[in-house]
């Protein structure tokens, strides 16, 4: 079981701002794309969420903007789960240049909570994945 | 009955791109904000749409990017209805600088269609406003 | 010489709106991503633009929103050059589902103009590519 | 000297996502709009930044998404400076409903750093405002 997920992306014009770098809020979009791809591959994508009537929403985030990402750069988001609670999953994520993987551009701790269709907190359904992950992280 | 609607806005960092002007797709956002405010004031806002189970969606647009809008400029969108069909409303909209109203930055013709909850085309409900508008535009 | 360029993308949460489909202005982002990738592969990317002090900006667009694109769908943009002017390149672009390529979701005609560093219109530099393209399109 | 700045805004379709609330990264946009308006009114807007060759960039943020903001709601961002460093300004900001000001939707601590034209950290220029603010916050 591998607790490390890599997602590649490229910076487009829409992502930049007048400072000629990626607009700060857009890094959160990159991190979410990576979590969405993780959810899909781990079996917890939108179909699973609808079937279980439980949805992943971002509860809180702590984000450090370390170095600017620039237009057309090839980037990758590295995501790792740091804890699995009763109704939450915590991620540590960072963004780096594909060509210079030691250069971390941005990093974040993101707490994802599980809510029902009325956006009220609800327990994460039982699933072997989450049990394994909890054991792994102990 | 006044067929001219003015909506003011300001350009923020999020709207700009590396060329240091407003990113082209964002002008469509400005035009939609203006149509949303128009819908509210004309009595066809979200509550009306939900009550009648008819929703406004953008069907097509023709847009000319004439001069760049820049960071922190104060702008206004001028909107006018050009025709009202059985299941559509056509708008002519343009964007200008508040301080220099002869300087048109962007203009668009936008056709809004009415759809039901399943995004299928459906007729615009009868309303005195649309009848008056049709007569006015004949 | 192939006048057809395919660019793949996926719909993420950031692209959707409360109607649970892709927000209309975001289709223009998809089309621009495709043109940026085309420019790169054709040799007219940002380095070429900076070296020649000529930049591509969107001059006008005509866009038809035919069917909604939905969250997490795999899409592709098909782009084709329809004419090359003295200071402009015209594109015909459309967006389709990878899994159902006969289903066209959105199509656009986009006119890209060439401007200098002060955003004034300037001639497209001579390049064998553009000459060939002009002949091809006659 | 008032260390509390109020900025009003409205939620538009562009801000929402398929969950029918404001997309999480967009709250950061709201907070930045408020800081931009604050900078203008305090005399540290873009003209001042260009004149002093010092620019404000977001260094880090901690954000709690407490309750969802919904389409067309009227909101206000309350911003307060919590400390002024040699090359940084720290803000505490929160977002609430205009009609129900006890209902806080989102709150953030945002650290803004000062950088020069090459995006390297540089000292905040001397200005009576910052001296007064430092004394006020001691």
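Per-chain numbering from 1; labels A, B, C and D assigned in written order.
Everything that follows uses one rule, which is that a residue touches a chain if its C-beta (ideal position, glycine included) is under 8 Å from a C-beta of that chain, and two chains touch if they have at least 3 such contacts.
Remember, it's a predicted structure, so these values are computed and weren't measured experimentally.
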Cα superposition of chain B on its sequence copy chain C - rotation in ° rounded to nearest 5: 180
Selected pair, greater C-beta contact count between A-D and B-D: A-D
Centre-of-Cα separation between chain D and chain A, whole angstrom: 24
Intercentroid distance (Cα basis), chain B paired with chain A, Å: 35
Centroid spacing, where centroids are CA-atom means, of chain B and chain D in whole angstrom: 29
Touching two or more other chains - residues of chain A: 13-14, 19, 21, 25, 29, 32, 71
Chain B partner contacts - residues on chain A that touch it in the complex: 13-14, 16-21, 23, 25, 71
Contact footprint of chain C on chain A as seen in their complex: 12-14, 29, 32-33, 36, 40, 45-46, 71-72
Residues of chain D touching chain A in the complex: 19, 21, 24-26, 28-29, 32, 55, 57-65, 68, 119
